[in-house]
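Please find the structures below.
Next come two complexes built around subunit A: one with subunit B, the other with subunit C.
What follows is the complex of A and B.
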């Protein structure tokens, strides 16, 4: 790995190598001061026995960033970090992610958040982020669907700003219907398509003969009954 | 140049130098002219054919063909003008006769003239491109007589008048008509058409328009059709007698249009006598007449068919939704069969077995049978009734006929899998209670079902028969190896293979000691020969025959269900038992126990038990006693209730739920099969293909299919295409 161009004067490398508890050995030559800072920042929040930032650590990070734990920006951060497990950041995820963001300190991270938001909202990224949000909720192994409660929260979080009326109606419907207790990935992705493609609230261009998931057919029927 | 050489006698042609006498032509012509006059004046007998022929021949030979021809034309024309006048002079009815006579005369004359002038006909005329004599004669007749101003219109109106007279019932001279018409035909088809046929058709149209209007106001449908048929036949007969055969189709078209096509709707829908009434009253003759007449006009048959179809659908719908009629399933199905028979007869007797009508009948039946979702159940109950007792004593052929009729109804069902479920249940009851009238009939029906639906449909049913047979063999083996048991109660066990028989929740009750010991012996015997199997007693399905002695010593043999046996046997050790005691001792589930006690305590003629209080229902505080006063004129009394019955509401719902559950894997299997072969397919096409594949079993619901697709997506059998959301892809 080529040495990273750092904004500060590079400090001559130490001769000792640091081994983190997940067994990885970071070579001294590759370490720059910036990397060191990122790493140190990691250690501030990491659970030392796990070698990862755990939910507590994330909570602390949020507090320091002045952002609520449930704020969508944390989800965006997770996406940026390509975090695999909900509530945890590994060292590698942290390092790669922060490098992508071009930050190595807390204040810089805080400043980078609005830009991150913009990045996510770019059409080329948005769908990926949306799908990521769902997968991030699949906490158990082999889990394929997410319960209705969580879905409703997630919809609010992820789509609430752009598609407020759709989200409100959809959430209301999901809470009253009995057909489905969980939502799967296919249904999730179609929620977004629904918001993007179907005119709301008239639903004029919704065609039940198209291959929309049944839950959306039912939702539309429910909306139409409400409206009449 | 004569031959100078000396020869033997040579006969030379007589070279007679003909003097071309300029007056020669005149003289010759006047001879001929005179002859023509004589011919027309009926004086031909004095003429020499040979001389006249020679004269004509000479004229042509000497190049006077032109003169001869034009002379002929002039002379003949003059004569025809005379003739024309005499015809004009004829009064009234004599006009046609005169015309006819003169025509005959002319023809005769023409014949003779033509014979005389035959040489000219064959030589001069073709060379000079003139009209041949015979044809000339006809044309001249046409132009000078028929088309003469005084004759033309009079001729036409006379002909039309005669036709009208005949139509109104008078007798006319058909021979005369025929001759006149033939004359027109001989003069050329355009003459016939212009001078007669066209006006004839117009006048006929007016006539029939009026007539049909008159009839429709005063006749009912059947009578009107009779009249129309009569008129039609009349016109056909008229044509054969005195018109050109080519006119037949034209005049019949007129009659068809005016009498039938114009009034078609009014006839069909006529109140009290229209098509529907005819159908209701099986008026084969009238219906047949209507069919034959209507098939001649455009949309005639389709009109009949449509009205019949909507009528059928209406009465069918009433039949299947009438709550009264639905009380008795057997009666209900019988009525369906009767209705089908009725219409089969109508179609064969009156509608010439027309295939399209058959199709309309079938589609109507299919429509309304499926309006009632209990039809499958009822048809199975009907079959059950027949196989249980209805076919007793009925000959083999008749049995086949009835079963075929049932199969026909079965074919109309959309939900064949529901039928299968009920049929299995009812068959199980029949087999286990030994209550089937004819084994052959049962098997025959299974074969028919197999032919219709394939092996899978009937494999389980056949399994049931096999189990019965195997059980018989097992019982024999059991008793053969346990000879010590022949004195005790006789046990008959039917071993049912799970999966072939309808599933029942098996709650074993507590059998009386004698029985449970015996059952255990059987169990060990069976498992001894069939290791690895598991037996569970189905005490809710068995029967028992027990001998009972009552208070006054009256003995009876009671045929009861296993549950009832358990209850009764308790009374060997107690005179009085409370409901709760019975419940505890037997372990029979509550609703079954109540039903069981009710059938023994509350039904007249079967009340082997007495209940306190004497209410109709079984209460949990009731007490039961043996009814010492029990009497029956029969030694053997049947109390068991294992007969197949119409399901109660909750049972029906349960069955339906099970059917729905069974359908899910079938739908999924169909989807996977289709996607495996097509790889990529869009939504609407999947729905269509799946529906088609499952059609022989049930009508698949598109929403249900969609649910299954989504389930398959979740389980990673299918995926949606990334770009086109309507497309599904098979994931290997």
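What follows is the complex of A and C.
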């Protein structure tokens, strides 16, 4: 940046604030004020002894937002908040997340949900969200895989809108097969790849000689048998 | 020698006289030959005309005169004699004048020799004999070259048809072609050879097209062989050796390459038929003819492979369909396969000179049908049973040692074609254990010989456990001697029963179910005594007793006579219960013995429902039920004084297959880790093929099994899938 000619006190280039008489920048003031509102909102739902929002709190939040507890938008919110533990929001997560969303009240949060949906569906974010959804289910320490039931629900939730026919067939298969009782992260990520790359329902371009997980090889075999 | 300048005219006059004399000699006129004195004079004259300073140096003029003389000679004397002549006459005349020309050039060059020494080099001019050659080429050769080429080719054609021709004439003519090239073979190749080859090609093309219609494959091949031989003779007799390769190639192309498919596929006499009818000579000829042709043997090897595969498959199916007793059937199958192998191995060695293509064809063919027995038992199991039958007592007593060795050798060779080599090892090990432990092995030497053959074929790791087993038996015998010494010196410790213990090193031997059988007190004492002895030898090892593998000799005090019963330890434990009770129910026996139902049913069946009824059962049905009662059958008798009561072994097949599958999972896991540790990053397909390669000595892994292990390794965080390329894996250190 070329140096300014003026002799005024130099201002950091990207700030839009102006120094006021008492020396503190206005944006700081605004920040603190906004934080207060967000914090208050947090406290409404938080479990005071834990210091964070627990499942009950989330349920209440959902009720107030007019969204079902199992709705995918709550999962998206968790993703936006970068929530680590399923069913809990920490104060930090809440603060950072709501700030990212640019909301500080319940009504604003409600209005922000459709935009959040669009944001998640952007190709650059979608895969990250998809992977997040799986990790969010790893509730136990050192847990690496998720049981079939939960996976089926998750598939419905996360991929159901975009890939309805694939999800229906896949869920049906997962329920009848016996080889796998749990699904790991590698298999999970490949479900998405499968939906994106493989033409359905003809499965014409699926090649079992490639490194697809065995469960998908078996799924394709099962589908082909059904179709013949 | 006069050393003075000469006037050109005078000098030339002298030389020219000499030349005229030379011509007369060449014409055959009665003319005396040159004396050495005359020769020296001529030479000197030339010398004197050249070795001078200008203007008395006539080198250039003499050089030109030399050429003139020659040209004049050729045009006046040589060329005319060629005109009007054709064919063989032309050739003869040409050779004659060529000879004359050569003589002329030689003598002239001698006269004019001094020019060659200095003048020629000094002026970078062609040497005298070169000039001579050029004259001949320009004035004679060019005019007649086409005609002599045609005439020569005609002669060759006649010879091919069987006429006798003048070979030395042809040779001389071809020498001219070469000479005219003046150091290079260009004239020979361009002016003669090219057309000769073309003509050859056309000739054989005609012949081949009619022969292929009329002749059988062997007849055709015989003709080919003869033609090739004759062409080689041709080269030897008159063609230049440089023509051989091109000539043979041309002939081979027309006769063998063009018609290879039609020849090999001839219905009643082609390659398939020859194999079917065991025509070894014809097949050898086929090999000889095609082995020099690039890729010529490929179709032959292919047909060979198909034939052997078909024979093998038919054999397997035929024996599968025949309704012999199982066991016999399978033995026959293996014997037949071995016969087939020997037969076609002989072909590979004798007819096909052990060529790689045919060795591989044989291998591939056998791999196809050796793995598909069409019975319940895998070929690995069949082969192990086959070996067991030969090696156990009563198995092959009728055969000589050599015959046994040969059969075993052939059997081991078959192992190379079986995919599940590790399954074979497991079955073999199980059967070896039974042979060793129940003293059923017919001959120690044969046992050891098989192990060394297996080691040679499959590597040390394959046989290390089995060799350990054999060593254990030997060691146990030594151990037993020590045990007997111990008993002698500790007579109080003697259990009162003769006891032999065989110690097995865990890991070498197949795994056996441990059992918690309650032994009779007499046996318990034996166990304790041996434990005491063993502890004096070593404190570091733990003994686990496997009673299911033991045998026991009991004296059965029957009413009529005492009979010695040879039974298994478990059977003995059951029988000894009746020393203290007259009558026992199934459940009572169960309680006292602490056996499993499965085992107990088998035991009781062998003692009460089989050939020898040592126990009588109530009710007297054919099967054991849990409500049965048993009594010692004192009425039992037999004409023998000693009988063996067999206990049919449990079918271990399922367990063996399970064990091998488990081992394979470990092996695949280890192979994947080994490969990825070295490569760090590798594509899926390459990873699979390298694993298959690594494991190929032992078994042929299922691709799905490899995929499953890769996934397992991903879960265990040894590998991860590459984010950019989902078909590539990375090793996580």
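Simple rule for what comes next: the second predicted complex is superposed on the first by the 197 of 228 C-alpha atoms of A that agree within 3 Å, B and C clash if a C-alpha of one lies under 4 Å from a C-alpha of the other, contacts with A are read in each partner's own complex, and residues count from 1 in each chain.
Basically, a contact is a pair of C-beta atoms (placed from the backbone, for glycine too) under 8 Å apart; a residue touches a chain by one contact, two chains touch by 3 or more.
What you see is a predicted model; the values in this text were computed from it and never measured.
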item	value
Fit or clash - subunit C, subunit B, common subunit A	clash
Partner chain(s) touched by A:162 [first = subunit B, second = subunit C, both, neither]	neither
Subunit B versus subunit C as contact partner of A:186, first or second or both or neither	both
Partner chain(s) touched by A:70 [first = subunit B, second = subunit C, both, neither]	neither
Partner chain(s) touched by A:144 [first = subunit B, second = subunit C, both, neither]	both
Subunit B versus subunit C as contact partner of A:214, first or second or both or neither	both
Single subunit C stretch clashing with subunit B - from 8-16, 26-34 or 116-124	26-34
Shared subunit A surface residues [contacts with subunit B and with subunit C]	144-145, 184, 186-187, 190, 193, 209-211, 213-214, 217
Subunit C-touching residues of subunit A, taken from the complex the two chains share	144-145, 184, 186-187, 189-190, 193, 209-211, 213-214, 217
Residues of subunit B that touch subunit A when the two form their complex	682-684, 703, 706-707, 710, 713-714, 720, 725-728
Subunit C residues within the subunit A interface of the complex	684-685, 704, 707-708, 710-711, 714-715, 720-721, 726-729
Footprint of subunit B on subunit A - complex, ascending	144-145, 184-187, 190, 193, 209-214, 217
